[in-house]
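You will see subunit A twice below: alongside subunit B first, and alongside subunit C after that.
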Partner chain A sequence: MMLSIQDLHATVADKEILRGISLTVSAGEVHAIMGPNGSGKSTLAQVLAGHPGYVVTGGSVTYMGQDLLEMQPEARAHAGVFLAFQYPIEIPGVSNAYFLRTAYNEVRKANGQEEVDPMDFLDIMTEKLQLVEMDEAMLQRSVNMGFSGGEKKRNEILQMAVLEPRLAILDETDSGLDIDALRIVAHGVNSLRRPDKATIVVTHYQRLLNYIVPDFVHVLVNGRIVKSGGKELALELEAKGYDWLIEEPAAVGA
Partner chain B sequence: MTGSLRSRQRLEPDVGTTVYHQQFATLPNEGPTWLGPMRKRAMERFEAHGFPTPKNEDWHFTNPAPITEEAFQPMKPALGTVTHADIAPFLVGHAEWPTVVFVNGRYSPSLSKVDNLPIGVQVMSLASALHEEPTLLEQYLGKVACYETQGVAFTAINTALMRDGAVLHVASDTVVETPIHLLFVSDAGAEGGVSYPRNLLVVERNARATVIEQYASLGDARYLTNSVTECVVTDGATLHHYKLQREGMKAFHVGHVEVTQARDSHYVSFSFVSGASLSRSNIYTTLAGDGCGATLNGLYMLDGHQTSDHQTRIEHAQPNCYSREMYKGILDGSSHGVFNGKVYVHPIAQKTDGKQTNKTLLLSDRARIDTKPQLEIFADDVKCTHGATVGRLDDLASFYMKSRGVGAETTRRLLTYAFAAEVLETIELEPLKEALEAMTMARYTGSTGK
Partner chain C sequence: MSSAIDQLVSREYQYGFSTDIETDTIAPGLSEDVVRIISAKKNEPPFMLEWRLKAFRRWQQMTEPHWPNVKYPPIDYQGTSYYSAPKSAKPLASLDDLDPKIRETYDKLGIPLREQKLLAGVAVDAVFDSVSVGTTYKEELKKHGIIFGSFGEAVRDHPDLIEKYLGSVVPYSDNFFAALNSAVFSDGSFVYIPKGVRCPMELSTYFRINAADTGQFERTLIIADEGSYVSYLEGCTAPKRSTNQLHAAVVEIIALDNATVKYSTVQNWYAGDEHGVGGIYNFVTKRGKAMTNAKISWTQVETGSAITWKYPSVILQGDNSTGEFYSVAVVNNMQQADTGTKMIHIGRNTKSNIVSKGISAGRGQNSYRGQVKVMPRAENARNYTQCDSMLIGNACGAHTFPYIEAQNNTATIEHEASTSKIGEDQIFYLKQRGMSAEQAVSMIVSGFCREVFKELPMEFALEAQQLLGITLEGSVG
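Coming up: the complex of A and B.
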């Protein structure tokens, strides 16, 4: 088992967002986390990556036998956790190439591997750029500065392709993408699927799951997983919406 | 209160005032006939007001006492020992750009390179322009930069005692893409001295020019640069003006830039400050015609016990003009930054569109910023905004970088650089932008960023 989340609780500004999440992910699997707005699915993604704005108030997360919650965000990245941000951050003046090389080398260094020089890194980049159909000129532009929404998302997948994470978490990577960009992003993600790697796809819509086919679908409502199933659950949600699941726990509680 | 202070000053005149009076008394009587009376009037204005103190609103956050209490002597002309290799590190951008070099305040023909000037561009030293272009100087010199009040006492002193500087004239309809670099260096001989660089930049109708005005030290001398640059941007003209203040860490710098803009003209300024123990940079522009634009950006990066004070003043004197300001500061150690951005919108200046921002990054608990936006609006149909932020590095950006495996220290360094880069990116002169980015990248990350 790669990732084991047990009864996870988390708050932001004293408001409880995650209210007892349990989930296990094994190597080779793709899990989709779906749910209505405000259900806590993005929070779950960010808590796993170590976002400083959330406070974990209960439960545990074990990743590759380690206590993930004890690790700094950079240590999680070194151990192979990657979060594709819903709203990627702009970094003026720092070129994409420099940022990626810095990240790549820091991950290598942390894993006892040698750093790669700029020329060799360019070779690696050239191959990865093709994967997400990005122009080489993008490398010299400042990180995400002036990028369109689609370019930012592709840039996230480019970073993922370069860092080759063991556990990739995609936080609403499909939001704001047109169908072409969606296809490119999905192709990038699918090309990175390996038996020793796992992916968690957080999404509001079923659309992305036509391209990245999940093994498991979990529905998050009000900070809890209310239903889990196979990929057909996503289709059911597409047809019926989330309302029937939102009412269900209320009925049980009454 | 003021009366008693004045009378005390009469009994014990402060050292600085006397020193400047002596310098004035021994100044050779040269130049065109109108010059002497102008110097005299400026000296009288200075003596009437004396130096400003923090009681003066324009000097509220910076006490100029370390400068005014010191008896700086006029800098001796340089010994001629400064070589091309000495100034090479300061040739930001391209070494082939026309470069006018001054050493210890005096024009150095041997270090300058003005044989490749574009057609329509005239550059000369103030000392020779006083003989060769008296008409041009009479029209503008001392007419743009006000020296009447106590707040601009240093401008009055410069006007009374100026000896040299650069005079640039760009003829009508001349579009010059190549920048003209005015480089003022001080060497070890500057110790204990003061220089009064005085520049005049005149850009005629529909012309376009770019000027780099740089101050730097070759050594570690303690001296004062008291500079004044007057800019005349006439109808439809554009002047890009980059001022780099990279004086030595023991030096003092008081630099005054004053601009007058005519109809449909554009003035674009960038003030880059990393040097001097104590510096004051004024950038004043008057939008004196319809449809003008002014862009005043800047970056100050301080450490140790440095103080840098910027005062910008934008006079919206006519309708339909815009002004844009972005100043950023990175303060480390026990440094002190000051930003005072004045914007006056005159009653006639309808449809004024003004925007000002000042952002400061504090890297140390001992560093301090005083930021004071000052908008005085007397027209009713205007859009003017201002904003100031003071803080530390953005948590979300830090998280983003760390989530890619970048360690805490590298993240801090890169984001510090990125904070500066946001304003450096506004520099349109690409080679200069790259040079300043590289300099800033090296300062905060120890890397070239390539």
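Coming up: the complex of A and C.
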């Protein structure tokens, strides 16, 4: 078992968003987290990556036998946790190539591997760029500056391809993508599927799951997982929407 | 995030040691007699004494300017000594005769005063307490007809050049601190590049303040004759002391027709402690005059000093002349900076370019003050100004004071300004990619300053980045 989340509670600005989430992810699996807006999907992704704006108020997360919640965000990255951001951040004046190389070398250093020099790194990049159909010119541009929405998302997948994380969390990577970009992103993710790696795909729509086929689908409503199933659950959600799942707990409450 | 900023803010000042050395220091106080003593100690010709005295008389009628956006207690001009020199600082037959203590000081600062391969490509004039103590590569430069050495030597050996150009860009009456400097300056660097000569190495002056309770007044004069080129670097450090010390320097550059002068500064005077005790008052006048097709480019990285007050400027006198100003100014703790430039367009088709990056942390206050003036005859003058401020933390300030005056309606003047704050989200993004918080801040600040750093010669770019606690970006490729 790679990741075990037990009864996780978290707040942002004193408002409880996650209200008891339990989830287990094993190597080789792809899990989709679906749910309506405001259900806590992105919060779960941010909490797993260690964003300081979220406060964990209860529960536990074990990753590769370690207490993930005790680890600094960079230590989580070193241990192979990668978050593809819903809104990638712009860093003016820092070239994409330098940023990627620094990230790559930091992860290597933390794992006792030698740093890679810029020339060797360029070779690695050339291969990874093809995966997401990005031009080499992208490497010289400042990180995410002036990138279109689709370019930013592809840039996230490029980083993922370079860092080869053990656990990748894709936070609404499909939002704002046209069908071509979606296909490219999905191709990138699929070609990184390995028996020793796992992926959590957070999405509002079923559309992405036509391309990245999940092993498990979980529906998050009001900070709890209200239903889990196989890939067919995503199709059911596509047909029926989320309302039938939202009304259930409301009826219990009344 | 706060820990990264704290680390960045609380880095120890590495150059805070002082050297115990015998000095020839005159008693505190300022009068005509003091001016005469200084001139006599330097064996100056009568025209220099006359010039100093005129400056002194003018200074007495002037009042200290208080328009800069900085605050400090009144300066006691009679409580300061106006001349201090290492006793051993007489003209040296060779650098081997340099006082070992002074050599050791520069070694500790990482400026070896030996003509060795380590510093090949950079000639250094070392100024210790306002007195030039040694210049490297003099002979090599002489072969090209280049004069590089102390100001005092130049007054002795080339009085014609001094008399012709001294005060031609910054007159003694220019401002309060320039007048004071003109009256009492003790030494500094002098450069002359002959017609059509491209200076084969970087010239550099390394200023070191050592003595306590003395004012520091150097004067630098650079003359680039027609069609010549020179790149000049200036570095500065001072010991940690709990009292404030006044540093009022003047730099004049003359770029004759078709000449190019590039002047780079990494200013790292002692900044005072986190409570604002001690530190240098860096009140400096720097100005260049560019003749036809000439170009003067100022690049500065201002990280030190309790207070910085300086506006490296260009008078675009000749047609088609170009002025550039690239600046990174950092304030931390209680530091204050009021810095910027003046671009005075007089000739036709003159161009100026201003890029200013202000970084404020701790309780520092950072002001950009810039003037762009287009005179009536300056047809087709062009200026582009970009002025960016970055705030780190919640207790600092950034201010911008642009002054734009166009007296010719063919002028094109652009001014862009931005203010940003290092955000938690930016730092988190970089941490999620495996970087430490400190690395994240460094990377963000480094990116912010990139346009300025790329103007620095390589040796200085490294030093500048280190000063900012930054790992060098893009050093290869």
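Everything below uses one rule, namely that the second predicted complex is superposed on the first by the 254 of 254 C-alpha atoms of A that agree within 3 Å, B and C clash if a C-alpha of one lies under 4 Å from a C-alpha of the other, contacts with A are read in each partner's own complex, and residues count from 1 in each chain.
Convention: a contact is a pair of C-beta atoms (placed from the backbone, for glycine too) under 8 Å apart; a residue touches a chain by one contact, two chains touch by 3 or more.
In this text, all values refer to a predicted model and were calculated from it rather than measured experimentally.
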- [ ] Could you classify subunit B and subunit C on subunit A, in the superposed arrangement, as clash or fit?
- [x] clash
Open item on the list: So the two structures are superposed on chain A. Out of 58-66, 112-120 or 238-246, which stretch of subunit C collides with subunit B?
Closed with: 58-66
Task: Set intersection of subunit A contacts, subunit C complex versus subunit B complex - done: 49-53, 72-74, 76-78, 82-83, 85, 88-89, 91-95, 98-99, 102-103, 106-107, 110, 118, 142, 159, 163
Open item on the list: Per the contact definition, I'd like the list of subunit A residues that touch subunit C in the complex.
Closed with: 49-53, 72-74, 76-78, 82-83, 85, 88-89, 91-95, 97-99, 102-103, 106-107, 110, 117-119, 122, 142, 159, 163
Task: subunit C residues touching subunit A - in the complex, by the definition given at the top - done: 1, 424-426, 428-437, 439, 443-444, 446-451, 473-474, 476-477
Task: Complex contact set, residues of subunit A against subunit B - done: 49-53, 72-74, 76-78, 82-83, 85, 88-89, 91-95, 98-99, 102-104, 106-107, 110, 118, 142, 159, 163
Task: Contact set on subunit B toward subunit A in their complex - done: 395-408, 410-411, 414-415, 417-422, 424-425, 437, 440-441, 449-450
